[in-house]
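Before we start, here is the structure in question, set down as structure tokens.
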Amino acid sequence: MGRASARATEPVVLGVDVGGTKVLAAEVDTAGRVLATAARSTPGRRVEVGLLEAALTEAVLEVADGRPIAAVGLAAAGFVDREGERVMFAPHLPWRGEAVRDRLAERWGTTVVLDNDANCAAHAEIAHGEAGGDALVITLGTGIGGAVVIGGRVHRGRNGMAGEFGHMQVVPDGLPCECGNRGCWEQYSSGNALTRFARERIGHERTSLERMCGGIPERLVGPMVTDAARDGDAVALQAFASVGDWLGVGIANLVAAFDPEVVVVGGGVSAADALLLDPARAALTRALVGASHRRVPPVRRARFGPEAGVVGGAVLARRAIVG
Amino acid sequence: MGRASARATEPVVLGVDVGGTKVLAAEVDTAGRVLATAARSTPGRRVEVGLLEAALTEAVLEVADGRPIAAVGLAAAGFVDREGERVMFAPHLPWRGEAVRDRLAERWGTTVVLDNDANCAAHAEIAHGEAGGDALVITLGTGIGGAVVIGGRVHRGRNGMAGEFGHMQVVPDGLPCECGNRGCWEQYSSGNALTRFARERIGHERTSLERMCGGIPERLVGPMVTDAARDGDAVALQAFASVGDWLGVGIANLVAAFDPEVVVVGGGVSAADALLLDPARAALTRALVGASHRRVPPVRRARFGPEAGVVGGAVLARRAIVG
Amino acid sequence: MGRASARATEPVVLGVDVGGTKVLAAEVDTAGRVLATAARSTPGRRVEVGLLEAALTEAVLEVADGRPIAAVGLAAAGFVDREGERVMFAPHLPWRGEAVRDRLAERWGTTVVLDNDANCAAHAEIAHGEAGGDALVITLGTGIGGAVVIGGRVHRGRNGMAGEFGHMQVVPDGLPCECGNRGCWEQYSSGNALTRFARERIGHERTSLERMCGGIPERLVGPMVTDAARDGDAVALQAFASVGDWLGVGIANLVAAFDPEVVVVGGGVSAADALLLDPARAALTRALVGASHRRVPPVRRARFGPEAGVVGGAVLARRAIVG
Amino acid sequence: MGRASARATEPVVLGVDVGGTKVLAAEVDTAGRVLATAARSTPGRRVEVGLLEAALTEAVLEVADGRPIAAVGLAAAGFVDREGERVMFAPHLPWRGEAVRDRLAERWGTTVVLDNDANCAAHAEIAHGEAGGDALVITLGTGIGGAVVIGGRVHRGRNGMAGEFGHMQVVPDGLPCECGNRGCWEQYSSGNALTRFARERIGHERTSLERMCGGIPERLVGPMVTDAARDGDAVALQAFASVGDWLGVGIANLVAAFDPEVVVVGGGVSAADALLLDPARAALTRALVGASHRRVPPVRRARFGPEAGVVGGAVLARRAIVG
């Protein structure tokens, strides 16, 4: 009861994750805890932007539940410009250079801030998780997202595009990438890389994955590989060993350039934890230049999982009004 | 005369480059101009450190020429610790974890500051050259040195080892590197890579390089390749095309991660200018993720050549006493 | 008139090329000259085999034109078993282990012999072209076909599958191939490789190819690249340089293993002649082991172009009845 | 006694292996059994050829022990010309184009035949071991030697240089090879590759190899890696997994080209047997084109170990006099 009356007067701070398949709005408290959520399906990339923004509005209003909204932080799966005003390009969303921030601020009558989802995940880890000081935050989902943290702040870069680690070339003339180049890191270390590795083995080696996907490689998804690996399936373990090894090699490249205090790995694949991170740590120690003359940074699993975007969005939102 | 009397009273600020073959001390003015220099041979890596420090002292005193020394900035070809106190490891110098900064400050009775040579080159470019704001500075000499510039400051990292770009792996199972790994970037894009590429062709293809080195590949050195390329020699041009292409691919990787405003390329190989930088720019535009959604950073030749270390050392020294 | 009456009594020897898009039947004389042809579209890979065999029969009867058929040699684009009885698998034809040879022999009332198209091309070159003694025959079409010639005979191997050069791995973790592996040679040196290389550059570099394909990379086909290269277009020339270089590297691998007297390159891409073969020869000389202790084999353009299959089929057919 | 009198009258057939460090002469019976041997150190590559030939003569006479010599077969570690008359080049022997065969035949007053050591190993396997019909024989020693067997005969090639499998390029821009190229197969799959792999890990990972070599990587030799792998050492097992995987990939390339009935692996490294051959078989099945449409050839360990050269030399010698 006390709570209900408090709710009517206390303004809420929201984070909203605008992903390729789902929109998730959440009320997040000052400790980074998610108090309430509302979700909608993402209308698709070829629809009018009005449809997407209507879905966002529904989710936001549902979570606010009649309370005043102090600020909203949007975490978008796409390129956000330097000023945090526009979504320049997003492979799975209809926004193309739209001034999203100001338009939604006007519509919702509140402060809105905007950044891409990987940077928001970094904000969540900086404020409430594992990424203090100088850090690299790497998000292993379908592909690789990332953020550079310097002095406790996210370095966004000249175009707001810093942290696009997934498209660093690691294999000359290697696997083709949707970006138009070949041999990008995320082709070797990501959720897609994990399932592709496992799918290529179906029908060639004895593996429990075959049964899981009914012998149809296309039906194989990441969590099946994780489950099989935990049951000791050799092919699934090789898939994690390969993806983890490439993860460590890429981290070694980034550490050679940045020399951070810590590396934080999040995203869906990181749920596999030691299956993924142990081979990554081994590869980092092997591949890092001058490993015997330095402190090799720890590779930690991110504190936040699927809610990283909304928590980080809320961190940004709260900072915008508190300063 | 006026000058002489002024000199007797005005304290000087010096930069000292402690390289693998040569020690160079210089008086540098506030505009980054070198006013006077003194050089000594580097005594070698297996000698006592006293020999090296004596050579440094001679060069410093010769340049000071009786005037008071306001501050000295040392640019060392090796790993310098986070605090700028010690040279932790230097492949061609005898220092191994020595507290060089304070020992020389006491010996010379003045303020001494210390950083590695690539960071000093970055300081020279920030203060007087091409590297403003957020920049990457890449030094192509025997290998690759580098520095990360964020907000006009050199980012040194947790161990003082940020900017070791040369040891990012670009070819899996590739050419072996002295660092113990395989496929490091500097094996494909550096002065050594340039001469190796050219040497491998001697005796296999018609090239004016053969005459230049008397048919003995080991006698082939970088400047010969530059000269031959300027004369249109096909093998020399291929060597620059290959090294320049790899330069651009590596820059694209770094730009994907940092998104800087500008990339500055210095070091001995950069004297070849367009021969090197044009293929690098083409490769950067080809390989950079999202090139059509962003401003591709310009790749500029560094303002400073062999004097980059002393100028940058002096910049650091002056900052230490002025603040 | 004399000819007409002669035709009525003289039995003809036919070659039939059963390709993925077209069936071509031809009367071929003892000198390897094509006297008459008839073509049909290939019905497709998912149709009943009866449809394909009906098309073959039509073409055969049209060429025979009422004359008795002494023998038919079939050149099939697929795997033919060791005994030359069956087409085991063909990616673009409906046959799957069918006893094609005997079934058609019965249907046509004549001797039928069967081999894959690359082996037939080799038979054409052995009998009437460039491949005497010990030779490698390489057919660059969409992919790479090949044949090993030892002592003037085609070496067919344990499964009839010798000569599958296109699927030798040349790039670890490289471009994916329809065969399920990565980095196969034909992904880097073939008609497909040529157009892919050129397509990747459309929109990134100034090239006359852009106009040719109306700016739509998918419309770009091989002959456009050949035309543009002959007009000096830089991107088209690079495409040939890349495909030709990879051709030479792969040939060097095969020559290291076989040490043949001659290498013969045919197939559609070989029409580009020096554009393709000059860089291949340079790469062969560079990459071949012990090149200074041996005679590097000449790389010759095949005598036969699109008619290689029917000529080779007829060679096989004639040999079957003459012995 | 009976034996002694028999020996005095029966002419013997000898095989002589002329290796880089040792000369081994042996009496071999018609079943391929070694009855007696004599060894000498190889005098070196920079000595006069007379010294080498004197050592050969000593070893031959010691084994003959006064009996008449019916024929001698020489197995030389080098390039032997097409006619089997000359050693054209041998990295560790002084012969450079010498007419070895006829000179030694005159000196010893008997029939002499000559081939390279890998071909002789193939002759041993054909006559008494595992290589019947169409086969590939691969000898994994310091590097990779090989032989192509077609119809039960060794295919020697235009220059007598067929079977140089070790210098097929498998990694573009890969590890440098003494042959002057990069990325040769033997850099990834051979005795040298095994020890290099293991040496690179010393000091980086916990391994019993460290103790075996006293922490000095250069002291690590192949048999230590085999012993450690048998004791379950993780680094040694990885070394065999890597070398074995590359062995299988290279075999898949050769099988795609030749389609042999069997692949026979000999040489010093093959003593590790399943440690080496099991990963090779797995990689062959994975990497071979059309594996589901064909019989994948078995990969068998060679019957003959260090005596393969002398046994094969004797096979050649006996054939020369018997026909």
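Here the chain labels run A, B, C and D in written order, and each chain numbers its own residues starting at 1.
Throughout what follows, contacts are C-beta pairs under 8 Å (C-beta built on N, C-alpha and C of every residue); 3 or more make two chains touch, one makes a residue touch a chain.
Note that the structure is predicted; figures quoted are calculated from it, not measured.
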item	value
Chain whose mean Cα position lies farthest from subunit B	C
Between the pairs B-C and A-C, the one where more C-beta pairs touch	A-C
Interchain centroid distance [CA atoms averaged], subunit A/subunit D, Å	54
Whole-Å gap separating subunit A and subunit C, where each centre is the average of the chain's CA atoms	49
Cα-centroid distance, subunit B relative to subunit C, in whole angstrom	54
Residues of subunit A whose C-beta touches two or more other chains	171-173, 286
In the complex, subunit C residues that touch subunit A	171-176, 180, 182-183, 188, 200
Subunit C contact footprint on subunit B (complex, rising order)	172-173, 204-205, 282, 285-286
Subunit A to subunit B touching residues, read off their complex	79, 88-89, 134, 146, 148, 150, 155-172, 179, 181, 184, 249, 252-254, 256-261, 286-287, 289-290, 293-295, 297
